[in-house]
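Next up: the structures, one after another.
Okay, so chain A shows up in both of these, paired with chain B first and chain C after.
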Partner chain A sequence: MKGTQKHVIIAGGGVAGMEAAGALAEMGYRVTLVEKGQDPGGHLLQWHALFPDSRPAEEVKSYLRKRIGNHNITVITGTAVEKIKHHPGGTVTVNLSGSKEEKADAVIVATGFDLFDARRKEEYGYGIYDNVITAPELETMFNGGRVTKADGSVPSRIGMIHCVGSRDEKVNNNHCSKVCCVTAVKQAIELRKMMPACEVFCFYMDMRMYGPYYEELYRESQEVHNVNFIRGKVSEASVNINNRLVIKVEDTLAGRPLKMELDIMVLMVGMEMAEAGTKLAVASGFRLGINRFLEAGDHHYGNNLSGVSGVFYAGTCTAPMNITDTISHARAAVAETVRYLDGR
Partner chain B sequence: MKPEGKKRIWAEYQKEIPDDHFFYVRSCIRQTFFAGSEQYFLKILREDLGKDVFEDPRHTTCTGIGYHGDVVPFETIQTVVARHFALATEAGYRHIAISCVTSFGIYSEILETWKHFPETLERTREDLYKATGRTFEVPETISHTSDIIYKFRDEIARKAKYNLINVATGKPLKVVEHIGCHYSKMFPKYGIGGAEFPHVLVGMIESWGGDVIDYPERRHCCGFGFRQYLVQANRGYSLFASRKKFESMEPYSPDMIIANCPGCTMFMDRWQYTINEIDGITYGKDGQGIPVLTYEEVAGLVLGYDPWELGLQYHNVQSLPLLEKMGIRADPSRRFLAKDGTRLPEPANLING
Partner chain C sequence: MNSDLFITPFNLGLYFILIYSVVRSTVWFMNLSRSDKLRLQRGFFGRPFMDSLREIFMESLLHRKIFKKNPLLGYMHMSLAFGWFLLIVFGTIEADFFGEKHLNPPSHAIFFRWFNPEHGAEGFARIYNVWMDLLLAFILSGLLLAVIKRFTPRMMGMKKTTKHTWTDRIALISLWLIFPSRLLAESFTCGAHGSGSFLTGNLGASLASFLPAAEIAPYFWWLYSLALGTFFFLLPVSRYFHIPVELLLIFMRNSGITTGDRHSSYTEVQTHACSSCGVCISVCQMSYAAGIHDIQSAYFIKGLRNDRDIAAITANCLMCGRCEEVCPVGIELGPMRLIERRQGEREDGKLRLAGKYAVTRIRSSIEKIPTQSFSYLAEEETEKADILFFAGCMTHLTPSVIVAMKKIMESAGVKYRFMDEQGGVCCGRPLMLAGRDREARELINHNSGIIWKSGAKILVTSCPICYKVFRESYYLEATVMHHSEFINLLIEEGSLRLGYLHRKVVYHDPCELGRGSGIYEEPRAVISYVAELQQASQERSMSLCCGGSLGNLTLSSGKRALIAADAARTLTMDSPDELITACPLCKKTFMQATKTKVSDIAELVAAALPKPLDKPVKRRTTRTTLNATGNG
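This part shows the complex of A and B:
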C-alpha cells in the first residue's frame, strides 16, 4: 500500500528531516515533519556560505524549503518529539510535547546535533573575554557583511582554534566532528578576502580534509590567501592590558612553545548528540553509541536502522557529517522506510 | 571582559565548607616562612569569628614533599593521611581544615583514589591498623584554610578596620591573586571557582574592597614545583617561571600579590630579591617591589591586627608602602623586636627595608 494512506512522522526539521520529508512526499506518502524550533532548517539557518565551493548557504536553504513545500507534508514547529513506541501490528505512536500523540506507520528520527558549548572549555574564556567567538557566530558576522571586534574596530589578526569539543577526552568527546577543519579553512579564506590586511592563523591537531575538493581548498588557502597553519593545540587564552587576547600554544612542528596576541579568536566548535535526541532515545529505548550519538543497527549496511521495527535514523543524530552526506543519509533512510512499508 | 561569564563558572564550582568544628592540620613550612599566618588563622577563627578549631599535637607532616619528590610511595602517604583522619576521628571531628595547598592536593588525591578504587581504602585501613592499631572514618569534608576564610570573608569585611583601598586616592588597591597549582588544577571541583578562574582569593579581595588584576600569566605556575627547588640545578627554572609572572603583571602596577600556597608565597617573595641581585630589577611601582602576602596576613590587616605580630617583616619584600596605602600606621623600628623587647638580627638586603 503506497500513497497518502501511509503516514510517516519525521522527528527533526533540519537538513536530514527536510530532505527525507521531501523524498517521501514525492513518492506519495503522507508526512508530518515535527520541528522543535520555530522554523525548519536546523543549524544551516545561520550559515552564510558553504564549503568547499563557498556557494551561498541560501541556495541549499532554498532547495530544502522547496522540498517541504509538497502538499503531502504537514510541518509542525515549536514541538518536540518526546517518545516513540512501536506496537504489534505495525502502528507507531509518537508522543509530542504538550501531551499530544500522533500515530504513524513509520518514523524517521532526524534530531540532528547540538553545537558543543564552548563555555565548557573554560581555558579559552568563551563568555568571559570579549573577542572569543564561535564559528557560527563568525557566520552571523559574515551574514551581516562585517567582521569586527566587540568594540567595533577592525581586527588585524584572527586565530581559528580547531577541535574545540572534538577529539578531547577532557570534555568526554573522543570523536572527530569532521566538518570543523574544512569550515576553518573556508572561513579563513573568507576573512582574508574580506580583510586582506588581517592575518589569519589556524591552530590544528591534524587537517582532516576528507571530502571532495577539501584538500584543494586547503592548498588554495595557503597558496592564494596566505592563511597560516600552526600544528598545535591552544592550551589557554587570556587578555593583556590592551584587552588583546593572548594565547599559548605548542608549535609541534617547530617543537617550541608559542605565545601570540590575537584580536579575535574563533572556536571551531564541534558536534555533540542533540540533548533533545538523547532524551528521545532514553524515553524510547534507542541505543546510544560510545560517542553518545544514536547507534545504528549495523555500521556498514544498516546505518539507518534503529533496531526498533518501523523506526529509522537519518543524518547527524547518528554521527557528525557534512550537508552532502546528511542528504545522502536521509535519502537512504527514506529507501529503508519505503522498503519496510512496502514489505508490510 | 564579561563579569557574568566568570560568575557563571564560579557558580558551577562551589563546595560545602562547614560552618564550624574544624580539625586543623598545619603545614610543615608555613610556620617558618610566614611566622604569623597559621597563628592568626586560628586567632581570627576562634576569637573574631567564634569558631571551634581543634589541633592535635600528634599531627605530623603529610609527607607531601617526599611524595612529590618521589621518595615516599603512594601507599605510605595514604597511611600517613589515614593516621591524621584517625586523630580527627578520635577527637570527634569530621571536617578537616588544611593549611597547606600541597597537603590539600594530597588529601584530595587520596579521597578521590579511595572513591574510585575502594580496595585502596581497605588496604590503607589494614596498613594503618597494622602499623598503629588505629582506625578512622573518612572525613565528611576537607577544606583548605583559604576556603574557610573565603566562607567568612563578608563577616570579616563587616568587622574591618581597614580596607583594600588606597586612602590617599580613595581607589581600590590593585591586587594579583595567585592560586597554588595543587589547590584546584588537579581536581577543579575541590576548589572554589575551579581551576581556570578560581574565586577563592578573588572573593576575599572583592569583599575587602580591592580590585583583582587579570593578567596574561595569571594561571602560570610560580615555579615552586618540587623537583625545581629540590634539585638545585633546576632552580633557574623556578626563577624563570616567577619572573615570567612578574613581567606579565608589571604593566598593571599591582599593589600586592595574595597567594594561598606556601611555596608560591615564599618563592614569589624571595625571587624578587634574587632577580634584584642578578639583574638589578625591582618590580612594582617606583621600584618598591610587589609585597606577597598570605590570605591570613591580609585578613589580619583588614581586621586591624599589628602587621609585625602578623609577621609581615619576615618577607623579603617589606610591606611599608602597602601599609601606608591602606592607612595602617606601623612603626618600622618595632619590626625586629622580640616579645621580650630584645632586638632580633635584621635581614640584609630587604626590598623596602
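This part shows the complex of A and C:
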C-alpha cells in the first residue's frame, strides 16, 4: 500500500459483510465492520446444518469468524448504520446509531434480509396455535437434538409449507426467496432420518431446485427418505378437538381439495428486505426496486454498484441468495471497491 | 326585424320538451311493474306527494345536500336552479299582473320586457323591477361560478369534474348563453326606452349612450330565444335531462319504489337523473388512492345512458358505497352496478333491441354465461342449538378471531354450536357481488336448511359479508347478529365480565357492516367499554374501504395495496395503539398496510377478559395457570 491505509466501512456483519471484511483486510485495507446485533454472523447463527450436503453450519461459521480475525478489522457490534453520504473529494461519512459519525474512503452495504413475519399470514395460525413453527425454529430444535410438539410429545406427521411470504401478491411479495425449497427438502430429510416413524409432507407451488446438487437432493428425499410432496398452496389451518392441526389444501395434481391432520406445521418463511436496510436506504437516497430490495446500478454487470460513488452493495440486501452466492457477491463487491479506491 | 317572430325557437323548444317529457314519462310509467304502478298511483294522492314537493324544493331547487358538502358549489347550483325558478314564477306573475291580459302564453312572461318596454317607471312596478333585476343578478353570479368551475375545478373545491360529450357541450354553451343574452336583450330594450332597474336600466343606459340600442336589442332577443330553444331541444340527449327527470325520480322514490335486481323504468329514470356533478368522483378511493379515473359512478351512469360497452367499468368497483352515500340525487348506485354485473357482457344497443324480439338470441345470450352447480353438497345432519355461530370463510383465514370468539362465549357461559367449525359452505354473497345470483341461491338454500334445522334463535357471524347476506337474502327465523352486536348484548345483559385496557384505539367501520347494514353504534359501545376510542376523520357512513373488497375481481394487488395504505394512513393519523375493525377481510388487508397493530373487535374484547387467576378458584396446577399467575 502506498501512503496511508485506506479505510472501508461495512454495514452489516452477516455472511456478506464478514466475507467482504476478510477479503479487504487481507489486501491491507483498514476495515470497520458494523453489526447491529450482539454478534456477527447474521441469520447463519441460527442454522444447524446447510444444504445441499447437510454439512454442519458451524464449519462455515468458524470460517467466517477466522476471516474477521485479521488485525486490520475493527468490529463494532450493537450498532446500526443509519445514513451514508458521499462528499465531493471522495470522503464518505457514515452515521452510526448513537450519533457517532465515521469517515471512510468507501462503504459496502451488506444489511441483508429479514425473515418474513409469519403472523402476517394469519390463516396459517403462527402465534395462535402451539405447533406452528418456522423453518429457523425447526433448525433451533435440530441444534437441541430433539423435535417435539409444544407439549413435549413426539410428532407422527409434519407438514412443511413452502412459499410463506414469497411469491404471494397478498402480502405484497412477488419475489421468490430461492432458498426455501431446498431448505424444506433438507429439513424434511433430516426429520425423516431423526424420526423414521414420522411422516413428512411438503406442500409446494413449484420446486425450484436451481443450485448444484439440489435436484439430486430432491430426488433422494423421495426415493430414499419417502418424503411426500403435494403440489398445492395451503389455504388455512385450524385445530381440532385433539389439538391437532388441520390444514386445508388443494392437491392441484390430483385436482381435488384435501384436508389433513398434522402434528407440526413448519412455515418456510421467505426473505424480505431488512427493515434496518430500508431505513438506511431511505435516509441515504439509495434506490429500492419493486421487490423493495436495493436496486443495483446494473442488473447484469454492475450488480454491486449503488449509483452513489464510493458505496457498494454485497449480499442479500440486493436480492435473496444462498450462502455460496452471498460469498461470491461479497467478493465481487470487494473487487469493485478496490477498483474504485485504486482509480482515485 | 322588429317583429315577434324571434319567439318561435323558444316556443318550438318549449312545446317539444313538454310533449317529450309527457310521452317519456308515460312510457316509463307503462313499463313499471304492476306493483310499482300501484305504489306510484297511491303515492300521488297521499303523503309521499307532499314529501316529494318538500324534497324537490329542498334538493332540486335549494340543493341543500350539495350546500352542506360544499357551500360554494351549493350556491352555484342554488342560484341557477332556484334563481331560474323564481325568475319564471315572478316573470309569470309579472306578465299576468302588469301585462295587457291575464293567462298569457309562456313566451309573454319570458320575453316580458320586449312586449312591455316602458314598464316599471313608477310605483309598485318600479319596486317589482328591482326584484326581477336582483333575481337575474343572482343567477348570473351562479353562472360565473359555473364558468370558473368548468375551467378550474379546484377553485370550487372539486378534485375532478366529469368529461362532456358533444351534445353536453352544446347544451352547456346554450345554457350559459341564456342569461347573459337575456341581460343584454333587456338592457338594450330598457336603454332604448329609458326604463329598467339598477341592472338592466343602468347597463342599458350606458350601452345606449354609444350604441343604437333599439336596433341592437332584437338580435339579443333572438339570441336569448335561440339559446332557450336549443337548450330545450338538446335537453333529452344531454346531461341536463337530469333536471326534469330528477323530479320524477323524487316522486317515484317517495312512493316507495326501489331499484330491485333488474333493469326497469326506475333504473332508467335514475340513469337519466344523474347530473354528472362529479361528487362521486371526488370521494372515490379508486380515483384518489389508486389513480384509476375512468370507472367512477358518474362514468358508469353515463355509459348506461349512452348505451356504451361498460363491462370493464361495471366490474372494476370496490362496491364500498361511498359514492352512493354522497350522491346528491340519491341514485342507488350499488344496486345499479349489481344489475349490470348480473347482465354479464353488455350487448350493443341495437342488437339488444333486435334481441328483444328474437327468441333464439335471448336463449343464446343466456347460454353464454357459464353456470355452476353445487349439487354435490351433501345434506348435513344438524344438532339443535339456541345459538349458532357461523365464522364464515374469511374468518377461517383469521383464526385469532375464532379463538377470541370462543373465549368470549365460553367466558359468558354461552351454549352455542359452531356451525362451520369443520369448514362450511359459503354464504353466497361473493357470488351475488359477482352477479351470479342463481349459484348464490343454491348456497343460500343449503345453509338455510342447516340453520332452520338447528332451531337456533340467534345466528352469530364474525363476517360482515355473511352478515349482510344472512339478513337480506336468507329467510330465517333466527335473529342474525354480527359478533359486535352479540358481544354488546352479552355486555348489556351482564354476562361478560371485562377489565379495562389502557389503550387508545381507532375503529374502522367495515363497508358491509356500516354502510351496508347500518351497524355503527354497537361496535363503538363495545370498544368504549374496554378501551379508549379515538375518532377517525372518515368514519361511519363515510368510512373508507380497506381495499380488500370482494366486490372487485379485476383490481390488481398493487392497486389494492395503494388503497389499503391510504386508508390505513388516514385511520392511524392520531397514532392509536391499535386499529380495530370488525371484519376479517379488513383485518387481513390492513395487516399488510400498516405497522400499527390491527385487531378484530373480538380480539380486543378477549384481551379484556379476566385472566384465569381472577376466575372462581380452581385448584389446578397446570402449566398455563402457573404462567398466568406469574404474569398476573
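We take it that the second predicted complex is superposed on the first by the 340 of 344 C-alpha atoms of A that agree within 3 Å, B and C clash if a C-alpha of one lies under 4 Å from a C-alpha of the other, contacts with A are read in each partner's own complex, and residues count from 1 in each chain.
Definition applied: a contact is a pair of C-beta atoms (placed from the backbone, for glycine too) under 8 Å apart; a residue touches a chain by one contact, two chains touch by 3 or more.
Remember, it's a predicted structure, so these values are computed and weren't measured experimentally.
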Between chain B and chain C, positioned on chain A by superposition, is the outcome a clash or a fit? clash
What is the contact status of A:Leu45 with respect to chain B (first) and chain C (second): first, second, both, or neither? neither
Between chain B (first) and chain C (second), which, if any, makes contact with A:Glu122: first, second, both or neither? both
Check whether A:Asp130 is in contact with chain B, with chain C, with both or with neither, and answer first, second, both or neither. first
Classify the contacts of A:Leu288 with the two partner chains as first (chain B alone), second (chain C alone), both, or neither. neither
So in the superposed three-chain picture, is A:Glu236 touching just chain B, just chain C, both, or none of them (first/second/both/neither)? both
To test your reading of the overlay: chain C has the stretches 7-15, 115-123, 349-357 or 439-447, and exactly one clashes with chain B. Name it. 439-447
Where on chain A do chain B and chain C both make contact? 122-123, 125, 128-129, 236, 238, 240, 246
Sites on chain A touched by chain B in the complex: 119, 122-123, 125-130, 236, 238-241, 243, 246
What does chain A use to touch chain C in their complex? 120, 122-123, 125, 128-129, 169-172, 235-238, 240, 246, 248, 259
Chain B residues touching chain A in their complex are 1-2, 4-6, 8-9, 194-197, 214-219, 251-252
Quick one: which bits of chain C touch chain A in the complex? Just the residue numbers, please. 396-400, 402-403, 421-423, 557, 561, 587-588, 591-592
